[in-house]
Amino acid sequence: MIDKTCEPLTRALAGIEDGMTVLVGGFGDAGVPTRLLGGVAALGLRNLTVVSNNCGTGELGVALLFKHGCVSRVLASFPTQVGNHHFRRAYEGGGLDVEIVPQGTLVERLHAGAAGLGGVVTRTGVGTVLGTGKPVVVVDSETCLLERPIRGDVALVRAHLADRGGNLRYRRSSRNFNPLMAMAATLTVAEVDEVVGAGELDPDDIHTAGVFVDRIVRHGGGA
Amino acid sequence: MDEVAARVAADLPPGVCVNLGIGLPTRVASHLDPQRNILLHSENGIVGMRGLAAGEGPDWDIIDAGKQPVGLVAGAAILDHEDSFTLIRGGRLDVAVLGAYEVSRTGDLASWALAGEPLGSVGGAMDIAVGARRVMVMMRHTDRHGRPKLVQRCRHPVTARGRVRRIYTDLAIADVTPTGFVVRELAPLVTLEHLQGVTGAEVQADGGGHGAA
Amino acid sequence: MIDKTCEPLTRALAGIEDGMTVLVGGFGDAGVPTRLLGGVAALGLRNLTVVSNNCGTGELGVALLFKHGCVSRVLASFPTQVGNHHFRRAYEGGGLDVEIVPQGTLVERLHAGAAGLGGVVTRTGVGTVLGTGKPVVVVDSETCLLERPIRGDVALVRAHLADRGGNLRYRRSSRNFNPLMAMAATLTVAEVDEVVGAGELDPDDIHTAGVFVDRIVRHGGGA
Amino acid sequence: MDEVAARVAADLPPGVCVNLGIGLPTRVASHLDPQRNILLHSENGIVGMRGLAAGEGPDWDIIDAGKQPVGLVAGAAILDHEDSFTLIRGGRLDVAVLGAYEVSRTGDLASWALAGEPLGSVGGAMDIAVGARRVMVMMRHTDRHGRPKLVQRCRHPVTARGRVRRIYTDLAIADVTPTGFVVRELAPLVTLEHLQGVTGAEVQADGGGHGAA
């Protein structure tokens, strides 16, 4: 089995470039790959499209991407939170395009991207401003929106355990978007608490198969 | 609103799976009778959520949709977001109790953004409103300026059309029916006339078996 | 937590009626709920629509539904296998409508049914006889089929472990279609090797949440 | 066909994730060099499959797509069908080696049903053919009646259009190119003229750097 652990951080982030679409796991502060995000912010990248349920609070995680002006477009279900001053500032400064996506539609658009599907057919958003102007499909006389797949050039995910081959386990509700995003990108980098040897995770206990994961860094490592 | 929360809790059938929206509906949790086996769902991937016990420290990997630390009951399960929204839209979420800015007489829900504000946060509300088998709203009867929140047509951006079945407010319990709002109960000392005065659409007295309290 | 274990078998199958759509977990002989299927066959039901990757071999499992004439329609990706004489006989006798569904399309149609989506947009099957006559959606100038959701009135699934509340764990590749089908039906009945108490499965180790499971029977129990 | 299987195995780049179709392609597995870290995928939910070791008993919960018992390598993962087909169609299946009834000069694959037969079994073939990043076919050059299987247009029902990139047969290795079949290698003692005689479409000599063996 190939060893996917990867240090230093800059090596784990190699290939992430201006203009790319970056999927970021997490919900609120749970399951957010803070070390990876700190690393991306430090690279000084520009014009990233970020897909993340929230837009970060405080001085950690996704917030840093806004603080350092890395983001030109963000897709999120819940951007407005107390403490999201870096997002607010970026938004109010202009030059940041925000697309509000219903959380379940975000899920299914990521699933479509992950699974090579051409779109999502959902009732969610019909008759609302978030459905306005979108193509519709009528199924059994019910109107549904046809939503587009989301795929990342990169996914940054946060897990609890990994084996060297990239098999991942998450802890509690920090699982959230991480498994889905890990499958929906061309390059997937995981930040984990602990790395064990190949075969030390029971095949039935793996949440994300290593085949979806390209590189692993430890949560506690340096910048 | 704690009496309202208690009333919502008492009205939930035993054994159902329920999602409580951020804000006021969260208060329903502390009024649930553990004997009635009600399963609390949180859209970020918990089935079997509970409030933290007195003195129980937070585990920041276990949070609710409002990003606050919570606990897990014995027999709880963690889901990823995909399975969590499969539950929501696929018929296994029996009841949603949501907060709202407005509910229209046809059951339209406005809960995620304010009219004229450039940004809103929809979260899982649209999926929950579309997917839950029974959508109930728990809110104050009027906004902080005293304006009606039960209305003819929503002024704020809509979350879902025609999905709300029942509204619990500090003044009344009303159902959305084909003929509009029907009052099932009035809070103590509240008259139908008073209620009509603070409601933006016609409120009908309950003609059926649910006598007004 | 409610106790979902349910005996005798007839009680666990109560409510399954003529004409219903029944999802059956399993791939080949792995992960097939044989006791439940024996019970359904014994009920003498008619005109069932069965959704199952395979159509059974020998004298066990899905084969019994064909043997006892319960099935009028079947959706499968791989019906033709050595030893599937009961399916063959039903098919050649007429009165059995067979819809061949590509395995990954079967997966996504079940997912759409499970997740309350209006359809599936997939490239799979385009330009083949299995795509002929189906509605298409053009996404970024690529033609995709629009496939319909599949939802069961009943799902019969096979797991290894359950707790009393219906949380399930599967063993090895007997997992296959079972988690998906468990989520895609109105009534889900699971056949398991062992039942443990509520709280004995770690919440991170559950493959199917109990909220999707209505009844549990033990694999070793009687007919 | 074991030499062909060995050749396919040798041509697989190190570290790739590969799906081997039922039938002949399965034989590739026993020729893989363990040092090259090739991950075998089975669509019923295994990543990291291996053949049973000598004397190793079957575990009937661990089977391949052909329903035969197999083993798991250290570091293997079990997936449900949904994640397994996400892998297939989503870009993480690097190579598929499939069996075929026919391959057309434009890369159409016919592998799942015979012309005129009322029933066929498609299994995962259509998804794999559409989803794998590189689709290769391993088959005999002619059918049991000696008829060509590399053809102008498929006579049998098609699995996917224009997806096959390379074909390994007992007589040759050929690529599907914009101008049709180009022979990359001939088996020992096979001439291009002989190959053309048993092929249903034009076979072109390799004009590039891949000298015919």
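Every chain is named by a letter (A, B, C and D) in the order it is written, and numbering of its residues begins at 1.
Following the convention adopted for this analysis, a contact is a pair of C-beta atoms (placed from the backbone, for glycine too) under 8 Å apart; a residue touches a chain by one contact, two chains touch by 3 or more.
Remember, predicted model here, so these are calculated numbers, not experimental data.
Starting from the defined contact criterion, work out which chains touch chain A and chain D both, please.
Of all the chains present, those in contact with both chain A and chain D are C.
How short can a chain-to-chain path be from chain A to chain C, counted in steps between touching chains?
So the least number of steps between the two chains is 1.
For chain C and chain D, what's the span in angstrom between their mean Cα positions?
Taking the average C-alpha coordinate of chain C and of chain D, the gap between them is 29 Å.
Where the centres are mean C-alpha positions, what is the separation of chain B from chain D, in Å?
54
At what distance in angstrom does the C-alpha mean of chain C lie from that of chain B?
Result: the chain centres lie 34 Å from each other.
Among the residues of chain C, which ones contact at least 2 other chains?
As it turns out, chain C has residues touching two or more other chains at 108, 111, 115-117, 122-123, 170-172, 175, 203-204, 207.
Which residues does chain B have that touch at least 2 chains other than itself?
As it turns out, chain B has residues touching two or more other chains at 72, 78-79, 82, 85, 88-89, 130-131.
Please give the residue numbers of chain B that touch chain C in the complex, ascending.
Within the complex, chain B contacts chain C at residues 15, 17, 37, 39, 41, 47-48, 72-79, 82-83, 85-92, 130-131.
Mind pulling up the chain C residues that touch chain D in the complex?
For this pair, the touching residues of chain C are 27-31, 77-81, 91, 98, 100-105, 107-108, 111, 122-130, 170-180, 207.
Show which residues of chain B lie in contact with chain A when the two form their complex.
On the chain B side, the touching residues are 42-46, 59-63, 67, 72, 78-82, 84-85, 88-89, 108, 119-127, 130-131, 157-161.
Can you tell me which positions in chain A touch chain D when the two form their complex?
Those in contact with chain D are residues 1-2, 111, 113-117, 163-165, 167, 183-184, 186, 198-199, 201, 203-204, 206, 209-212.
Given the complex with chain A, which residues does chain C contribute to the contact?
Checking each residue of chain C against chain A gives 108, 111-112, 115-123, 137, 139, 142, 144, 146, 148, 169-172, 175, 203-205, 207.
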